[in-house]
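Per-chain numbering from 1; labels A, B and C assigned in written order.
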Amino acid sequence: MTTTLQKTPEPFDLKSELQEHQLPLWVPKAIVAGAAVVGVLLAVSGAVSIAQAVLIGWALTWALPIASRVVEGGRKASDRTVTLLVSSAFGLALIPLGSILWLVISRGGPQLSAEFFTYSMRNVVGEGGGIYHALVGTLLITAAATIISVPIGLFTAIYLVEYGDGNRLSRSITFLVDVMTGIPSIVAGLFAYALFVIFFGEGIRLGIGGAVALAVLMVPIVVRACEEMLKLVPNELREAAFALGVPKWRTVVKVVLPTAISGIVTGVTLAIARVIGETAPLLIIAGLTDSVNFNLFSERMTTLPVFTYFSVKFPGVPPEASIDRGWGAALVLIIIVMLLNLVARAVSYFFSPKGER
Amino acid sequence: MAKSIDVSDLNIYYGDFLAVEGVNITIPQKSVTAFIGPSGCGKSTFLRSLNRMHEVIKGAHVDGKVLVDGNDLYGADMDPVNVRRMIGMVFQRPNPFPTMSIYDNVLAGQKLNSKKMKKSEADTTVERALRQAGLWAEVKDRLDRPGSGLSGGQQQRLCIARAVAVQPEILLMDEPCSALDPISTSVIEDLIHELKTEYTIVIVTHNMQQAARVSDDTAFFNLAGVGQPGKLVESGRTEKIFSNPDNPATEAYIQGRFG
Amino acid sequence: MSSTTEREKEAPRPVRRPGDRIFEALSTSAGILILLTLLGVAVFLTLEGLPGITASADEIGGKTGGKGFFAYVWPLVFGTVWAAFIALIIAVPVAIGVALYISHYAPRRLSSTLGYVIDLLAAVPSVVYGLWGLLFLSRELAPFYQWLADTFGFIPFFAGNPSGGVSANSILTASLVLAVMVLPIITAICREIFLQTPRLHEEAALALGATRWEMVRLAVFPYARSGIVSASMLGLGRALGETMAVAMVLSASGVVTFNLIGSTNPSTIAANIALQFPEAFGTFTNVLIATGLVLFVITFAANFAARAIVERRKDFSGAN
């Protein structure tokens, strides 16, 4: 055997064996770049619309899987096809995001002025007026919802993690929190209405009702976030406190909560960001008014999303000014939501416990 | 200040499961008593029952008596929180509070109980505890730094300082060196020698050389088989247990034939 | 009873501090409050909805087009399920693609950033989606719908109007907006699951000479299948309950039809409530609340199915 090995007729060429039937590395990049250039040129030339240019550019990238099938064979070609499909899916998902942000900024941006932020819609017909009353309503109702839901959510999470220990009550709470997560927002609004009707009679519209509806939506998010964070606190810290003769409640308040606080703040902020854009429940229970209302417990209260909805859906005649205000309000709403998200991320980034493992 | 512990007919349960059965032992004051034995024999469970820490686990309970200076720790009017103030504990893995500075970690027992202290009094307590834990020289310039920034061995000594800062009578140590390197281990062993002049110390260890080095008395725990409760097989002066044990199982374990 | 007393003798109730008792009572009551709230949702909706369900057609006919409750709610149920179903058909493949791109195709150091970008879609308030659908998407889609009707008009889905035209504010537009809205939800869950695929399985597939796609097909998909299903069900739950986008985009007339691009469209329960409630009074309010109860039951069923699938498969896949 060894002798035959020694006189191998032609040396096995590993390099060419591995490189044969393989598109050179530059080919995929070249095809993608070429397709992009063609698309951009078409769009710039104005011969076709932007949407058509994107579509044409995308169609051209299919040259890659086709070339691959010719040169590399079926398996490689389907691999490249899937890569193209998957990347296209991601690109496709970016289109609505880009178009929404672009539209809201370009249409809403010009609306932002001192008057827009400081005037209500009282006695405004046609142009002018602003979102002051809606800003006030949004802040008050969301703040009230937060005040209602954070204690309930936090204490429930404390019960689940520190006291429940998988007993029957804690299992059913976990299940019902899951159910609550799935409550459609409009149903939460109907619930608040059905609750307040009993005390105040038919046709009731109250800011606090909106807060109750939002709290129903917020509580499960807060419970989940807090529960996750409390579970992350190592048990060793609780034991260390117990061993120092610290009662359980002080351990929870002074060791567990401070350790988890940045995560809890992040979770609550994200929950606020989720509900601050809610429209449907507030449409039902908080209603719409053109005036500023600072009292959660009497009369209707406009919020930004409801204001946006009515401005656009029922703009009146002529519609332009109202629709423009709708875009402006939408921009303000998006800015608030994005800021809340940024704050949440910043909190979790900067304020997690020092020297965390 | 230090006190002795008398345990009689102690059974420890997790729910319905009997984990440790029929322990009778006297732990003398101002000395070091080591618990040794194979994994799962109940020595840590027994240690935790000495300051009612095992009750933290749901369903855990005991019957029998644990007397400290004649007071039954499990008496009807005993508050487990007060028991733990009297009997401190150091854990297997160093667990300083990550949100607190070194200074606050040492004072954690007082601070977490919102005990009012004058600044000078607090400073004295911190210095005394850190000196007792042999950590003062290393950290006195950075008391406001987070405790989790220290090395493993330093963290464990910080935990010892935290435990002695509340001036307990007894100090329980649950494998305090098993997560540490040999040098840190030897520092802690020296520390145990110094601490026993003031405290009654009970230490659980897997390491028989360590038991032989640090302890005055040794108790050997074993279990008859899987699912059986752990039992105290034999206890006595460390020299006797290691040189001439009464029970063949003890001898086999000490000579490294099992466990 | 006798066994409890025995127990108590065995292990006397430990001494409890007042602080501990108060704190435990507080947290327990917070948990119980959640039980009560959910019970309250069911009870109050039923209480206020019942008069609507039992009302005769004469009583509420003025608002429901002469129909009784069940005749009124049926086209809405159909519209709700149909719109959510179409949205899901569009969203799920894209969501899987996006999740796969983020977890297995994009450069590793970019993947968490790309995840954030997609999460931004979830942060956009629904009223803004409505605005976008009403004032932008429907207008952009109109020529495409015309082309669909001209080319595929023989398929009932794309029949368009009987007169030959199409409507841009049709159920397909509403479903497209819904699809965009549920996309980030499904993507986020799928991404998590794809990332949890055991590394060893993936490396084993690659070591056997599999291409990346074969690795995904052999190692990732089998592992993630139940997760994808439950993610889709959660997306379905969201799409069923989504209100504003549909209310703003869809021009509804309460019919039952499979035509996707015509001018007569089924409405959805949620959108119908949003549109009718501000002006509603009397028994019709109760009718709308009753439809809300129906919606609650439908979404509950969808979410429940999703959880059940996760629970059932958890032991096998390790993913949830």
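Heads up, the rule we're going with is that a contact is a pair of C-beta atoms (placed from the backbone, for glycine too) under 8 Å apart; a residue touches a chain by one contact, two chains touch by 3 or more.
Small disclaimer: the values here were computed from a predicted structure and weren't measured.
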{"item": "Leader among chain pairs (count of C-beta contacts)", "value": "A-C"}
{"item": "Chain whose Cα centroid lies at the greatest distance from that of chain B", "value": "C"}
{"item": "Chain B and chain C: spacing of chain centres that average the CA atoms, whole Å", "value": "54"}
{"item": "CA centroid of chain A to CA centroid of chain C, Å", "value": "15"}
{"item": "Centroid spacing, where centroids are CA-atom means, of chain A and chain B in whole angstrom", "value": "49"}
{"item": "Chain C, residues touching no fewer than two other chains", "value": "17"}
{"item": "Overlap residues in chain B, where contacts from two or more other chains coincide", "value": "81"}
{"item": "Shared-contact residues (touching 2 or more other chains) in chain A", "value": "247, 250"}
{"item": "Touch list for chain B against partner chain A, complex", "value": "51, 53, 56, 58, 81-86, 88-89, 91, 93, 95-99, 108-109, 111-114, 146, 148-149, 159, 162-163, 166"}
{"item": "Chain C partner contacts - residues on chain A that touch it in the complex", "value": "51, 75-76, 78-79, 81-83, 85-90, 92-94, 96-97, 99-100, 103-104, 151-156, 158-160, 162-164, 169-170, 172-173, 176-188, 190-191, 193-195, 197-198, 202-203, 216, 219, 223, 247-250, 252-253, 273, 276-280, 283-284, 287-288, 305, 308-309, 312-313, 323, 326-327, 330, 333-334, 337-338, 341"}
{"item": "Sites on chain C touched by chain A in the complex", "value": "17, 19-20, 22-24, 26-35, 37-38, 40-41, 44-45, 47-49, 93-94, 96-98, 100-102, 105-106, 114, 117-118, 120-121, 123-132, 134-136, 140, 180, 183, 187, 211-214, 216, 234, 237, 240-244, 247-248, 270, 273-274, 277-278, 281-282, 285, 288-289, 292-293, 295-296, 299-300, 302-304, 307"}
{"item": "Residues on chain A engaged by chain B in the complex (per definition of touch)", "value": "165, 234, 236-247, 250-251, 254-255, 258-259, 353-357"}
